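Below are the structure tokens for one structure; questions will follow.
Going by the order they are written in, the chains are A, B, C, D and E; count residues from 1 in each one.
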Amino acid sequence: MTDLWDGLAQALWLVATFDPELVEIAARSLRVTLSALVVASAIAMPLAALLAVRRFRWRRVIIAILNALMGLPPVVVGLVVYVMLSRAGPFGVLGLLFTPTAMIIAQVIIIVPLIASIAHQSLRDLWQDYHDLLISMNVTQWQKIRTLLWDTRRALLTAALAGFGRAIGEVGAIMIVGGNIDHATRVLTTAIALETGKGDFALALALGFVLIGLAVAVNLAIHWLSRTEREGRW
Amino acid sequence: MTDLWDGLAQALWLVATFDPELVEIAARSLRVTLSALVVASAIAMPLAALLAVRRFRWRRVIIAILNALMGLPPVVVGLVVYVMLSRAGPFGVLGLLFTPTAMIIAQVIIIVPLIASIAHQSLRDLWQDYHDLLISMNVTQWQKIRTLLWDTRRALLTAALAGFGRAIGEVGAIMIVGGNIDHATRVLTTAIALETGKGDFALALALGFVLIGLAVAVNLAIHWLSRTEREGRW
Amino acid sequence: MSDLFPLTVRGATTRRRGKVLVGPVDLTLSGNGACVVIGPNGSGKTTLLRLLHGAARLSSGTIDWACPMAKARRAQAFVFQRPVMLRRSVLDNIAYPLIIRGTSRAQARAQARDWAERVGLGDMLDRAAPVLSGGEQQKLALARALIGQPKLLFLDEPCTALDGSAMREIEQILTDAKAAGTRLILSTHDMGQARRLADQVVFLLRGQVHESGPAAEFFETPRTEQARAFLKGDIVE
Amino acid sequence: MSDLFPLTVRGATTRRRGKVLVGPVDLTLSGNGACVVIGPNGSGKTTLLRLLHGAARLSSGTIDWACPMAKARRAQAFVFQRPVMLRRSVLDNIAYPLIIRGTSRAQARAQARDWAERVGLGDMLDRAAPVLSGGEQQKLALARALIGQPKLLFLDEPCTALDGSAMREIEQILTDAKAAGTRLILSTHDMGQARRLADQVVFLLRGQVHESGPAAEFFETPRTEQARAFLKGDIVE
Amino acid sequence: MKMAVTTSFHNSGLAEVLLPEIMKDLDLEVQLLVVGTGQALKLGRAGDVDAILVHSKAAEEVFVAEGFGTHRREIMYNDFVFIGPSADPAAIAGADSAAASLQKIATAQAPFVSRGDDSGTHKKELSLWVAAGLEPAAFGDWYKAVGAGMGAALNTASGMNAYILSDRASWLNFGNKGDLALLYSGDPVLFNQYAYLPVNPALHSHVKTDLAQKLEDWLVSDRAKELIDSYQINGETLFVFNAKPE
């Protein structure tokens, strides 16, 4: 229990003093995760809309698989990305292993199914509303997707935030592909894992609280920003 | 790359021969995760319905926090649960540390926000439909919740499946509270982490493929089972 | 019945983002029979009904029943302009109000079957309510509202999607209910229906009560220019 | 116009879980003017209209236009019984069909403003469409359908939620459109409206075309017992 | 009973030889918690395990001095080895001491992966740098502190084709060798002493002291000596039993 209070106290202290090391790894966490989020959203959301809009033979199976992939074990993702990026692997020449780029790739793989699944739910519901109208207007597939994405943008924000949370809290994969190298690929979660291994649970918890605080802050900020729009009731 | 093919081959081999060790840890994975899923659903779904149905001052903030908690770093959850269950902690006397029960507790904490968030989305949409009618019928809070949960059961299944996927693929927390003890708390993900540490990527990948296969199989089975009901169009 | 009324509305107003949707409305309703709310599109009929029922929030003013609000609410039912279909079978939809009041499932279903028969849905009990045709949905909503034997029934344009004979039947059911002591407050664009059912008329214009009084009087000798124009089907300015 | 018609329907049937909702329908529609589909609740009017438009799946039979299907679809618009509101402003809803066809945003909005004015929504352009009143939603749906200048317009009970003067205006707009060569296929429960607008009548009963022919003839001398009963507002068996 | 052990011990595979024998001889099921040295000591302090088996002498002595462990019993040792790219750009293969090989790496500025996690191995590595007259904190980009367990650090070294200090057991059992090879070993300063520390029952009454004692007796017995000394991978002996009878 003392670890918990120590952790809280340390977290406050680290934040209050703008501990330079903390700032460095927190900034790296944010940079990596936000990059991954942008890329993943750009892939997942149109995909989710396409799955909502198009009826094809394997649609439901693909949705089921997407749901299943939400639970992709991060370690496995990390391994596969490692194998691909390692010098013996097909993309070895790019020299991406143990760089933030590799971490972004791993995070993208992990959060694309999550974002797509959550987004798909809202898109599908809106599509049930819009279906008749858009069909009757002979709207092209691409226009349907754009209309749905635009009119459901608030729910998509939730999906993106879920992806953000998952990515920033993830450790298994980026540990393998990033290597937790000091001043290069160390982020909040890998630092937490490190301190845990060292047995410094208080510091690990402190970093954890900073991480959770960061995630909550981003969420609240976004919710607060999207408030004005909410007034319009949709 | 060869690791990948070796992994696939080994995965097939392990499954085909019903490797007893694989069967043991896979069964434990399933048991732990399904228990966690049942407990988490029982908490998360009524909570999600309550958040959909009740307007109170902090509602949106709580929803934002719930969204943020979707990204709770597993390692931090593991640490907190460890601190609580450790002999030195408040629940130490129960002797739960390094048992499957501890792993279930950690998984429940991790997936409750995920299940609640996803469930909340569908429940909120249905509530928008039902709102006027149920309000006008003077339905009690509890009846509203029951009605919503029942009428949106198919979407809740998706939420539960997402939770299942997340829980069965999770490693950071259960490694800390379960301890990855052979024949006691070793599950698929911790075994993967172990083999990765040994550098036996092929075996790690093989176990990963088994895990993914398991998750996909469960998802497809559920989707297939809920098919009959789908015909009714809701 | 007598314990709900008189209903006293004083300065009731609904605003959305500063814009006044309805009000201020001052109104007293008493006695038995049907009160019909009429007025052009967007004049606030739906909003007023919801306001009286307590389904829309009052921005200012008061609405007082002769009994405590909670008790008054329990004695009311509402048929919405766009009926809400629970994602269940027709039978379960109609039985729903009884079941939430604790009636046994078997008994609720038996009564629901009766009511489905009366509104003409007897041969589609097991159909999913959301796939019903427009008219069938309206009938379902009506049966679901009546099964709880409300003392006051709000109906927002209840017969728009009905064919001629269904409309006659439903009007008959409403007249019977009225005779049995149920008080009706309904809105409609069908002046024929308004004449047939109304004991009292409220004429709304731009969110305010422009004229109100006994039905016979209103339809024979409307006091205002606008009411006269509206009854003729002219544009009301 | 002439390039869409004649429309030939042969044995068109829609089934859901084995149950026949509509059909088999055999029908030939040609020439200009309005075809009014009437029939009791649940007789299949909505389903038939959607079928002709291609919005519902044909289980068997054929529907042939005088031109290729894709081309025919592009020349049509549909006003649904329950209008679908895009979660946008009134103006953006009306402009939507133009924008998806590639009209510039400014031009689309200018036209949309015109049409909003014509159907009487001129003073609520910036309101969110989903909060409109029932009648306002119907007007919006109509403006949105007409803005694309369709050659064929389907209307499923388009005036149910409208007040008297709005109904007259909309009927005028429809008559103008008809005169300008737009072909109408509409369903309605309002026999007065049917008489005013119809050039041709299709009388549906239990999913099948029971009687069809020129409007004047049908209303004066209905051939079947059931049509006569229906026109009187009696229950049709 | 539960025993926390370091990753390097577990990775050696020796546990899989010893545990079944313990089960057979003592009818005692030993549950292993494989964690970092720091975490192992932490688990011992909290009383969540009954004993620990680690290799970080200084930390162990503090552990006993603070009263968390009853005593420290040396069991066996193995040794650390220098691993590096088979091409050996720093040419450490022919070095005459551990210090010399480290100096060569530093001079060549060849990529070097450090555990960077305060583990026994990491502390050993730091002390070796100091012994070689070098200051790791002042190193440039070629020195990568990865902050990870032995296996993960080896994976990283393999991915980067870098030098790394590893215990022999972990190296021999490691499956992802890539282009790496064992380049230097043998300096006595590289010896790696494992010790057994039972958790103090005075602090944690629930600790199974009797079982811990039984295990200790077994670990220092001739039976254990034989098993440990004869454990080999690829024909190489890994551990040397050196427990002194009481």
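Methods note: a residue touches a chain if its C-beta (ideal position, glycine included) is under 8 Å from a C-beta of that chain, and two chains touch if they have at least 3 such contacts.
All values reported here derive from a predicted model rather than from experimental measurement.
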item: Contact distance in steps, from chain C to chain E; value: 2
item: Neighbouring chains shared between chain B and chain C, ordered by label; value: none
item: Self-contact between copies chain C and chain D, residue sets same or different by half; value: same
item: Two chains sharing the most C-beta contacts; value: A-B
item: Per Cα centroids, the chain farthest from chain C; value: E
item: Longest centre-to-centre distance from chain D, chain (CA-based); value: E
item: Inter-centroid spacing, chain E versus chain D (mean Cα positions, whole Å); value: 81
item: Separation of chain A from chain C, taking each centre as the mean of its C-alpha atoms, in whole Å; value: 49
item: Distance between the centres, which are taken as Cα means, of chain D and chain C, whole angstrom; value: 28
item: Chain centre separation (chain A, chain E; CA means) in Å; value: 36
item: For chain E, residues contacting two or more additional chains; value: 35, 149, 152, 155
item: Multi-chain contact sites of chain C, meaning residues that touch two or more partners; value: 131
item: Contacts with two or more other chains, residues of chain B listed in rising order; value: 88-89, 196, 201
item: Pairwise chain contacts under the document criterion; value: A-B, A-D, A-E, B-C, B-E, C-D
item: For the chain A and chain D complex, residues of the former touching the latter; value: 126, 129-130, 132-133, 135-140, 143, 147, 151-152, 232-234
item: Residue ranges of chain B touching chain E (in the complex, touch as defined); value: 86-89, 92, 95, 97-98, 179-182, 184, 194, 196-203
item: Contact set on chain E toward chain A in their complex; value: 35-43, 116-119, 144-149, 152, 155-156, 159-161, 178
item: Residues of chain D defined as touching chain A within the complex; value: 50, 53, 55, 73-74, 76-78, 80, 84, 86-88, 96-97, 100, 128, 130-131, 148
item: Residue ranges of chain E in contact with chain B within the complex; value: 2, 7, 11, 31-35, 45-48, 149-152, 154-155, 158, 173-177, 204, 206
